[in-house]
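Both complexes shown next keep subunit A, but they swap its partner, so subunit B is in the first and subunit C is in the second.
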Partner chain A sequence: MTMTRPVIVGAGVDRVDGPLKVAGAAPYSSDIDLPGMAHVALVRSTIAAGRVTRLDTGAAEQLPGVLAVLTHHNAPRLATGPATNLGPTPPPPLQDDRVRHHGQYLAVVVAEKPYQASAAARAVTVEYEREEPVLRIEDPAGEVRTDPFGMDSARGDSAGALAAAEVVHEATYVTAENTNNPLGLFATVAQWSGGRLTVHDATQWTSNTCQTLAQMFGVPESAVRVHAKYVGGAFGSGLRVWPHVVLAVMAARTVGRPVKLVLSRPEMFTGVGHRPNTVQSLRLGAARDGRLVAIEHEALQTVAMDDENMEPVASASASAYACPNVTTRDRQRRLNIPCPGSMRAPGEAQANFALESALDELSYLLDMDPLDLRLRNYAEVQPQFGLPWSSKALRECYQVGAERFGWSRRDRRIGAMRDGRWLVGYGVAGVSYLWWQVHCEARATVGRDGTAYVRSAATDIGTGTYTVMRQLSAELLGLELDQVRFDLGDSDMPWSPQAGGSGLTGALGNAVHAACRELIRAFLRTVVNDSASPLRGCTIDDVTVSGGRIHHRADGKLGESFVAILARHGLDELTADGVSDPPDPQEVGLAPAGAFAAKFVEVHVDPELGLLRVPRVVSVVDGGRILNEKLARSQIIGATVGGIGQAILEETVTDPRTGRIANANLGDYLVAVNADIGEIDVTFVGEPDRLTPVGTKGVGEVGLPGTAAAIANAVHHATGKRIRSLPITIDELLD
Partner chain B sequence: MSQDPHHPPPDPGTVRLTLSVNGAEHELRLDSRVTLLDALRDELGLYGTKKGCDQGACGACTVLVDDRRVLSCLTLAAQCEGRQVSTIEGLSADGRLHPLQEAFLRHDGFQCGYCTPGQIMSAVALLREGRTGTDDEIREFMSGNICRCGAYPNIVAAIREVAGEGAR
Partner chain C sequence: MTVRAFEYVRADDVGAAVAMVSADPAAQYLAGGTTQVDLMLKDGILEPERVVDITRLPLRGITADDRTLRVGALTTMEELAADPTVAGRLPFVRAALLAGASTQLRNMATIGGNLLQRTRCRYFRDPTVPDCNKRTPSTGCAAITGAGARMHAILGAGETCIALHASDLCVPLVALDTVVRVRGIEGERRIPLTEFYVLPGDRPDIETVLRHGDLVTGIEIPLPPAATRSGYLKVRDRASYEFALVSVAAALTVQGGTVTEARLGLGGVGTIPWRARAAEQILTGAPATVQTYRAAAEAELRDPFTVPGTAFKPELARRTIVRALAELGGGEA
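Now for the complex of A and B:
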């Protein structure tokens, strides 16, 4: 079978969920309203470490509208959730009297109205036995976990190569804690009915939420259904089943009514993960001609006392450049903090800042153009395994980017470029994003009316999954876009992995590909002995599809429509399932490649006021096959905006004495607003990836890393100041 | 713990008011603490207006009151008696999308869509305020509406296009 309608895929089709979204009619979980629904508010710890000695709920229970107050005294005991490919499920809440971080949930109030629940939550009084919290990443009182991911790597002899290197650069880089802050407040609506549980949740992974709640509450998975049709952003914070989801389900069971729990913005800082801060030491050794002879990258990050976060940082440096001697080490320090979690480009956002800043510094030691230094050390093959990449157009990213940006106009001297009172700097960074793909399932149906219905339990968190999977399904079945419905966001649909790790489009796209092929096979099986069918005896390799018909490859007239086959055989529909699994790299002899990107940035710095502006970012991305250029471009634009936030604005500040987050609101935690963003130029290069039939490489995250490093490098070019700590703030830029 | 519904205690904090939303009048009896945002969502079932922070910092709850944009999370419902409230639901009430809604769609001025009703209501006001002369002006006067997905350049393009049509 061949694909004959490339026009549907790749084209800039408008978002199919767009009309609902611009009308305010897309129902997010916080918009779900069920008859008889009660509302939940949470009581959080005001210390970071210790024990609850007394919890007085008497006053709260007497307030108007209050239905129940749950604490560790009366909450049901829950089983632990399953382990996933991201590590364990967060421990179930309200199981004991221990306090492990500021903001930990201590009680749940259920009331008729949301404001009654909030008022009652404020009336709960808590007494504590305080312990000294461990709060700072450098505090030796916190246990350090060595190689927590089992991904530390070493090839060659980096220490020996550094000792012998002609040029050595060594420095420490620091990145701040960032908080995902999707604009959609996370909300869970839970309803128990006859032993069955229905949940509407802001999750990136309905299949896992279903499995986790089933296991924790001791019911079969078939009795749990999780919906996430629309998610108001997440950026990684919806990958895990956080305690508030469990508490909503617990509250619904306790009061025997549906309940809604909407997190407040301050609660979004303590309950749904955040990007951990890091301290990273980099050592680069090079020959005079710029060839890297050694890379040593060691990263320390934070993690909670009682939970885990799968976030390799340093290990990303093992595959970025051709270098014979590389050592990477990851460490985690346990602190009394809310557990960190994935945030758009987890690990790589921090690692890339350190590595790409260090390379820029090395380029000055070598008196070499920083772009030339990167090309000099281009990894033609995957440097850890020596296998050819399944696709790599990073060189083209650099070349096209340099041209679009006007890199040749860069005056290499520090502080030599000006625009009025502004110092102008140009900076560059490269990005080699890691590959991630896991098992995924999808189901495809074609009915008597000739339309298709394709579905999977996956989620669309704004990435465009609804749209691109509809395009892909239409292409694979030879139908028009309006003849295909693609649905998702329901755990009763075939199992899907998380919308995360830039892996969903690949995993789901290949599952949809498999399901559509299986469906065509099902049609061919139906007519295999059908003397009335021109397709009698055909295999899938003999045919192709277009215009709602299956027909011989060689002769378009020799075929018939889905509708005709179904009608003649008295069938209402045919359905088929498809599965995709990641290929084994050794078996195919290719190193699976993630996306690649080059980032070019112009900054303007006012040296008297310390102002830093980013008027222009040029991104060139190798994302493999692009299913919808309009939506893919939006992914890169959005991630670049996130990267600008990481670079110059975003920092979650924890009080080092109490563990309270001091800026847990959108007034004090700064994110990029419209006026912070200038021209964002995006270009895609490269070819479909060879590893999978669909040929995509995820583009949800690759746009973020590289932004901060390129900005810091441009700031150095403009001012001579080397800022090795994010975010870059005004005080660091004042003369 | 719950009250006897047949004998509710006298509640001095309750107010009665008539709220005019998208041209329709609603008689409400509300706790005086209820914000315009919560009244729209929880009392009238108008879920198009979103809660992003409940602290006046994100703009997701932007609606028009007497044609001026306000943050409905910082406005008490009781303050809106006798005033005209316009929400995203009223923009396409006749079933046809407003030109700004169409432009947001065409320019992909959103991703997750959660901030979008607030962005569009702000943009409606922006056109009336005459703050669409340049891209920089649009950027500045749309900066009260956070888009965490980072669709800002596309939002500016959508507003620029509609402003340009108005000028012709």
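Now for the complex of A and C:
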């Protein structure tokens, strides 16, 4: 159709939801107010392990405005939620007296006003039987799960190759726990009405929230409708159905009124996931000429007591470089901590720091430019399967990046570059992002007024889904942007996967592509025997669309408008559904490629005071087809900022005695602010991916990994200090 | 949000306000509220039964003569930062104000409130932590064995409390021998800022010499000689909007290569805004060289109280002192 020479797609169209958002008119779930709505406050555990022996709600129940107090004594029993491709749903809350982590919900108060609910929540007294919590990743008391994702891999003989290798580098790398901290506080508004449930939620996945709530509360999915029209950021924290969502639904059913629950910032640290910390050991073996002969990557990460978290770390190293002998192992240590979950580039963000730091260290052992070392081991084919990549322009990423950054100006000697008092360091890292794609559905309609309405249950978490899908729909139907409405964020719409794993744009784009093609087919079917139509007897391969018309490929005049067809046949509209499913790599003979990127970073270090600044980051990204250059660039900029935060600032601090998160607010948990960010240069390279009709690869996450490693590598170049633990802070940089 | 019901009263008159709060142990003054409202509504640490809003009292404004700058307690941080005398004669006060808070906060926060700000200690600010001597005497100190201990004090600290006084503004003020004007039920007093704060000792809950009901009405800042150079150096991981790991406010007068007057305050290290008198003694009369600065820094940081998380801070403080002094007095850093 028209994707070979797109007109609307690719352009830097402003986001269509922008005006609503800046005017404060975009209704986030926390903005939803319903008549008769009550408010919910949560009581959280102040110990990390043990049992609740007494829960006194009497005083709370007597307070003004209080409608109900729910605890494990009186809360309804719930079924467990479904397993998804991210693992099982977190266990339903208030089902027993066990305390698994500090901050676990122990009671829910429903009151007329938010402040009444808060006051009553404080009046609930809890007594515990304490157990010794297991809190540290090194603690042998914590159970270890081996190969928790079934993704451990081995090819060749890495141990033998390491033993025989001319050069070996071995080191341990540590990454801190990070908390997603979207700006928008998560909120759930729940309303039961005649056995039907309506929920407004901050979720990245309405279809799953619908299915989960239906299963937990024992009602058919058709009786549950989940809205998420606008989500104030999530970074992965909205991928699962967290206990507070369940509690809001439970509270609404109990009091028979709509209720609203808005998490506080401290509650956002314990209730909606976080990036688990890791300890990773890397062993690299190489020949003197720089060829990798062995990679061994073992990663230990944390997981909560009764939960699972899909976070493959080490496995990312299996496909990053051409190397015949590779072993990767993942393990998880169970701790009394709040449930970890996905945070932008889950697993990859930690793994890339270790692998790309280790590669930098190896380059010094080999006395080789770190960029040359990466190019020397470039994976021309997918190294696990030996199949050609569906697309890969990582070499171009390195080349363009080196040029834009000025890598050739790098003096290889450590500490040789200065800017006044500051030591200057240059660092590089490569990123081979995973490919992830799942089933998705969309529906497209064209009506008598000539406009189109396309929709899917997907979510736009601030990434630009509304905008790019409107562009794509307009392109595929030959309409102007303002003739198309794209809607999402409603589980009653066709099923969509999560906005996660950098997979939504691909899955949804291909579903929209299929729906639009089906819709054109439906128009052609309508006129197949219509002697009045110049399109009579045409198949989709005979035609194309532009200016609101379907016409012959060869002759633009030979055709007619959607409106004319509908009018002549007395139809108000035509609608068609489209689905997309991931292709089978073996069938097509290609290894599906995710996005690739190269990161070049300049750091300045004041070695006397330990100050570290990052004045410049150059990112070059192969993201396949870019649907909207401006929004894609924004994704890379935002992810780079997140990467800088991971590298030099962000650390969720757990008190070692109590398991309390000691910095659960935005004053003490440091995210990068404007003053931390210098020049961020973003360039896209590469071609549309061959595997799918639209050819996108997803750019939501690829901008984050690589940042921390490139910064650590640059710090080493500047100072000679090799920091193998994130974040890199002043105390580690003091000479 | 955790709200306990309280009565709100707006005061129109200084005397009446002081009388009202003095007579009621459960009453508190409210001015800019930038710390207090957090502690009341978000953290649930402060639970006044009556809040007396003093923002309408005539305690706002700045006047200067040749020797003294007088600042009303309700003057905002932003107003003080914008004052021409501050910019011209007290550049390190201006620098500390700008480094101390965002514009939004500076527009709300008052000078009197800044003096009386509470510690940011993560253990003090969470009422679910039972062991906090500052909140409840004789319960212990969870922070000493806690994690993430970088933002704790190393001077004036001890086993009972390591909570930091996190003000930036007070660091140059304490170096300048600022005087605090206080109105109490028995009349007005003038208290040197160097004697205003109390080390934690056995009673970390007692932070100043003020009695309940005393109202800070203003401060008087002696203006340094015209030849004095001053600077404020704040060291932190985040480039802005973070409290100091170490900060140094220094004012030096150097004549013919000799330090004739030195004023030095330290932030990020003390349980109170720290006047570095030991360092000043070594500096005064000594050659303006890095050797002198280092000796002064060593003297001031001779006996720090550290926990594992703050073990790096004494050396960082020494280096920050040397850097701040070298930037003012030369002598090659």
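We adopt the following convention: the second predicted complex is superposed on the first by the 730 of 735 C-alpha atoms of A that agree within 3 Å, B and C clash if a C-alpha of one lies under 4 Å from a C-alpha of the other, contacts with A are read in each partner's own complex, and residues count from 1 in each chain.
Note that in this section contacts are C-beta pairs under 8 Å (C-beta built on N, C-alpha and C of every residue); 3 or more make two chains touch, one makes a residue touch a chain.
What you see is a predicted model; the values in this text were computed from it and never measured.
> Clash or fit: subunit B and subunit C on subunit A?
Aligned on subunit A, subunit B and subunit C fit with no clash.
> Could you read off the angle at the CA centre of subunit A, spanning the centres of subunit B and subunit C, to the nearest 10°?
Rounded to the nearest ten degrees, it is 40.
> Tell me the contact category for A:P114 with respect to subunit B and subunit C: first, second, both or neither.
both
> Once the shared chain is lined up, is A:G667 touching subunit B (first), subunit C (second), both, or neither of them?
In the superposition, A:G667 touches subunit B and subunit C alike.
> Touching A:L365, do we find subunit B (first), subunit C (second), both, or neither?
In the superposition, A:L365 contacts neither subunit B nor subunit C.
> Tell me which partner A:A675 touches in the superposition: subunit B (first), subunit C (second), both or neither.
Once the two structures are laid over each other on A, A:A675 reaches both partners.
> Classify the contacts of A:D17 with the two partner chains as first (subunit B alone), second (subunit C alone), both, or neither.
First partner only, subunit B.
> More subunit A residues touched by subunit B or by subunit C?
B
> Answer with first, second, both or neither: which of subunit B and subunit C does A:Q62 touch in the superposed model?
Only subunit B is touched by A:Q62; subunit C is not.
> Aligned on chain A, what is the least Cα gap between subunit B and subunit C? Give it in whole Å.
5
> Once the complexes are superposed, what residues of subunit A are shared between the subunit B interface and the subunit C interface?
In subunit A, residues 114-115, 264, 667, 672-676 are touched by subunit B and also by subunit C.
> Residues of subunit A touching subunit C in their complex?
Subunit A reaches subunit C through residues 46, 114-115, 118-119, 121-122, 264, 608-613, 648-649, 651, 653-658, 660, 662-663, 667-668, 670, 672-676, 727, 729-731, 734.
> Provide the residue numbers of subunit A that touch subunit B in the complex, in ascending order.
Residues 14-15, 17-28, 30-31, 33, 61-62, 64-68, 112-115, 181-185, 230-235, 262, 264-265, 461-464, 630-631, 633-635, 637-642, 665-667, 671-677, 679-680 of subunit A touch subunit B in their complex.
> Okay, in this complex, where on subunit C does subunit A touch?
Listed in rising order, the residues of subunit C that touch subunit A are 1-5, 42, 44, 120, 122-123, 126, 128-129, 142, 145-148, 150-151, 235-242, 245, 312, 315-316, 319-320, 323, 333.
> Which stretch or stretches of subunit B touch subunit A in the complex?
For subunit B paired with subunit A, touching residues are 1-3, 9, 11, 31, 33-34, 38, 41-42, 45, 47-58, 60, 87-89, 91-92, 97, 101-102, 104-106, 108, 110-117, 120, 136, 138-140, 142-156.
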